[in-house]
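Should a chain be cited, it is by its letter among A, B, C and D, assigned in written order, with residues numbered from 1 in that chain.
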Amino acid sequence: MALRAEAYRNWGRWGDDDVLGTLNFIDDDIRRAAAALVREGRSISLSQPFDTDGPQKGWRRRTNPVHTMTDTGTDAERGNQGFPHGIGGADDVIAMPLQCSTQWDGLGHIFDHGFAWNGRRAGDVVTSDGDLVTGIEHAASVIVSRGVLLDVGRHLSPETGELADGHAITVADLEACAAAEGVEVRRGDIVLVRTGHYTRARREGWGDYAGGPAPGLSLTTAGWLHRTEIAAIATDTWGFEVRPNEFDVPAFQPLHQVVIPNLGLTIGEMWNLDELASACAEASRWEFLLAAPPLPITGAVGSPVNPLALL
Amino acid sequence: MALRAEAYRNWGRWGDDDVLGTLNFIDDDIRRAAAALVREGRSISLSQPFDTDGPQKGWRRRTNPVHTMTDTGTDAERGNQGFPHGIGGADDVIAMPLQCSTQWDGLGHIFDHGFAWNGRRAGDVVTSDGDLVTGIEHAASVIVSRGVLLDVGRHLSPETGELADGHAITVADLEACAAAEGVEVRRGDIVLVRTGHYTRARREGWGDYAGGPAPGLSLTTAGWLHRTEIAAIATDTWGFEVRPNEFDVPAFQPLHQVVIPNLGLTIGEMWNLDELASACAEASRWEFLLAAPPLPITGAVGSPVNPLALL
Amino acid sequence: MALRAEAYRNWGRWGDDDVLGTLNFIDDDIRRAAAALVREGRSISLSQPFDTDGPQKGWRRRTNPVHTMTDTGTDAERGNQGFPHGIGGADDVIAMPLQCSTQWDGLGHIFDHGFAWNGRRAGDVVTSDGDLVTGIEHAASVIVSRGVLLDVGRHLSPETGELADGHAITVADLEACAAAEGVEVRRGDIVLVRTGHYTRARREGWGDYAGGPAPGLSLTTAGWLHRTEIAAIATDTWGFEVRPNEFDVPAFQPLHQVVIPNLGLTIGEMWNLDELASACAEASRWEFLLAAPPLPITGAVGSPVNPLALL
Amino acid sequence: MALRAEAYRNWGRWGDDDVLGTLNFIDDDIRRAAAALVREGRSISLSQPFDTDGPQKGWRRRTNPVHTMTDTGTDAERGNQGFPHGIGGADDVIAMPLQCSTQWDGLGHIFDHGFAWNGRRAGDVVTSDGDLVTGIEHAASVIVSRGVLLDVGRHLSPETGELADGHAITVADLEACAAAEGVEVRRGDIVLVRTGHYTRARREGWGDYAGGPAPGLSLTTAGWLHRTEIAAIATDTWGFEVRPNEFDVPAFQPLHQVVIPNLGLTIGEMWNLDELASACAEASRWEFLLAAPPLPITGAVGSPVNPLALL
């Protein structure tokens, strides 16, 4: 694993102080060109709902969001809030893991043999005070670029639009899908890979959506992720890469281990790509402006996000 | 107050079932035209940092965000996480009021004499289960439009760029500022009003930024907010309207009371407009594409947001 | 239901301002006598563990406790905490429903047709600001008294010590169990009823421990709970009363509805009575000093508790 | 510091696997004798309130407790909860640092040069998963013993009952106070030292109660804490030891560093000793049964507690 990962290492590529990794591939020209892709003016949210009916089951203390009210309309209508001249208010609070629903993995989320992105020691980067170096706040303004949807689910399973759990998406799959769609993956793109796993979860219930068997990218796509010089990638599954992982020995998210700390790739997970997929299929256009800014939570290793596609 | 508010009521304007209020003013044509405003491809985040060093002091149980780690790089580097093949991870959790930092007020946030947006009883809308009708999730895909910055701070105080606490911004101020900038406020716009209050707070410390004296919109702007048919408005202050409120008797946020439940206006607060203001001044252009999608937290009456301006 | 509940109403019994209900039955004499029951000096905790491996599954947003660290020994040992002279520290945070594990139900927890304990309107007592009248903080010093264990599980099922799910414990069961143990239930007692449900959950896994079928008190015990003048009662089940509830029509916790707002009875749930049961059986003594002070969380309608039995 | 601490090390005293430290000094005989001290049957809570009006100001992310409702009486009375036959309910949630108010410091709370209690490496004990070895759950049943109140505030300042901030309590102070009270500190005792700091904070407002100048134990009491073989100690201040710390160079809680990891002493902080002090003074008796069981939060390095004194 260590050897293979080295082949795809971008350490030092953007200087010793870099905190953005492949997000550096996005520049103003790319963003301007992406804005020019907006033809209809249609806006589509790629976010799953954030609420207690989500997929989390407690793995490593990940729960679904708990949203509670500190003031309500029931109280306001009853007149017990103590405000003057008839004004009333409702207010609320949330407690949630940053990766409980639609999210970005930050660069401090995964380590390879004790090393974080750009070759830093993991313990120098993320302590119990958070990510002191590559916190998600550094990406606050940069994640807006051309989005490209590779609807691999629809491409490989035209009838159902869904890949089977355990289906490992290969480079050949990605390239054939792009060719069929007539779209070319380019430097600075945010690539969205739809597997249909979320579609299935919505129909059949969550089951083991969070961490169980799922379609996803094969470990063998690491080279493609590297050489295409994409800025980021996101899927409609819990974990982006195929589950179970492609090994006979116990393994856990090896593609994460290669691409986050070594490539410096930002990964999106649990995105809802279904409405976008319908819109793209209808228009036969698979590229759009994608704005997916993380919340700038200081020192966070991930962030909830409501990504918007503008077609 | 009740009488005045009635003059600006949009109840029923978009049907009995409406959950969006003035966000309905945004349509695909407006969004397409807004995307065409992107000339440089420059992206600017309008969010304040989300962390414990924020302005909250506990008013109505509003705290600053508490961000804690459930896994760290220190642990990963030490090798005590129990993962195979050298992979390590960091993960995190947040607990925060939804209106602790840069945010949207949802339509269920404020009531007028027991009534919520569109004339519904407040207690039918927001219970301790959250906003059952107009929750912020309904706005997940719609808040992207033309943004217009009215830098009233710079317009009225060219030297400091900051308005004094207690300065009530009038319709005349807004119109003069727009005229000076050569920009026309139009239907469907998201208007950003910069007062310089956040600039001052960053320089001098938070003080009473959250709830204390501040520049902000005068109650007398209600008619302008209504007749301009803007989709939303946001400022760089805690509470959007001037503080202390413009009454001799005890008052609390009367402009909120008029515009949220009556107009159906979505309000943004605690936005960081400083970098955007510099960029606009430099380019002498005060309009841009603004993408500010709330997190679709089911039933929330507000949402943290990282708004992006694309110039 | 309303009619039946009236027969057991203690409203006004301790004055119009009362906030303690049947906890008023405990007095200093009873506590002094209870202390005199301590013969061995043995102390037994009656609490379940508080952690993510608990029984909660999200019903009405009840999760298991989420415990996170804000400082760790890993960090301290690595020396990155910034403290002088070699001192290091660990610190932690919890987020939890107050009734997620071993707990007391406060008097504001349940209402009967809109009325709370002592005949107050529910909306005058518990708003989104918490229990403004009968908050659990009022019971901070009073819940220490004679404890009596009625091991009904062992009494009715000597071989397994466990009652079947759906078994409704009757007054006859309670009285026969007390007689067999040679103990008399008295005014001011805190009665602990062991069903064996927790024993089963520990052996077989949680399953539907939180809210599913369970042994528990029959609705017909309401009169016994009233006339015995006990101060409080606790069981080793999620909900104290038998589940499913004893009705052909849809019902939900009717005994709660009778005894909390009408009797003013404080109820303990999810207590771990197994070690205590063994100790009592061994010593053939079923009475002891019980100290079970709630955390004085201002305005809470329940509280986690670590009850101690001193034998 | 390292040298001095070694003189008071109890490492290995209770075996290599010990997780209790000086709590081992309490045995059944001591508890039985303590129960015999109960003469009046009076019960006094030694807890401060747990709510947002507490002393925390955000130091190392310590906030005051945030208590929110998931169901309310306002909703129940309005009848919008969806329950049958007129039952209504209120339920609640809390988020809080475990050491935000009246609390025990667990043995994993403080380290000395990378070492935890009993000579273990800090990073082997407390990771981001919590205290894997000496978590507070191990003390669930043991913290009940003879309590002794040393009212040093009243002893040294008979008129005000309060020591000045920065007053370092010496061994001579402790011994003189005990002698004046006619009480002897013994093996297994839980010693409560009242300084009057909380009395002052209640009168004058919190100010810098959490972390600022305060009376407290001198570093020179380490030997006394060791040789008296007390089980635990608690004070009415934020940090137990005198603040500022008694050094010319930057120092931080050196007595913690000596007594937690080296002696294995459990420390209580922010206890409310005022009502107890009055009762003791009135009865001229300074010993009582003290039950102060922590919540058994798995892996916690501290716990909120509502300690009960039974006189």
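By our rule, contacts are C-beta pairs under 8 Å (C-beta built on N, C-alpha and C of every residue); 3 or more make two chains touch, one makes a residue touch a chain.
To keep track of the chains, here are their UniProt names: A, B, C, D = Cyclase family protein.
From a predicted model like this one, the values you see are computed outputs, not experimental measurements.
Across A-C and B-C, it is A-C that has more C-beta pairs touching. Chain C (Cyclase family protein) and chain D (Cyclase family protein) have CA centres that are 25 Å apart. Distance between chain B (Cyclase family protein) and chain C (Cyclase family protein), defined via averaged C-alpha coordinates, is recorded as 45 Å. Residues of chain D (Cyclase family protein) found to touch two or more other chains are 61, 66-72, 74-75, 78, 80, 93, 95, 123-124, 127-129. The touch graph of the protein chains shown is complete.
Those residues of chain A (Cyclase family protein) that touch chain D (Cyclase family protein) in the shared complex are 66, 68-70, 72, 74-75, 78, 80, 93, 95, 128. Those residues of chain C (Cyclase family protein) that touch chain D (Cyclase family protein) in the shared complex are 1-2, 27-36, 38-45, 47-51, 53, 60-62, 65, 67-74, 76-79, 83-99, 108-114, 116, 121-131, 137, 140-142, 144, 249-254, 256-257, 289, 291, 293-302, 304-308, 310.
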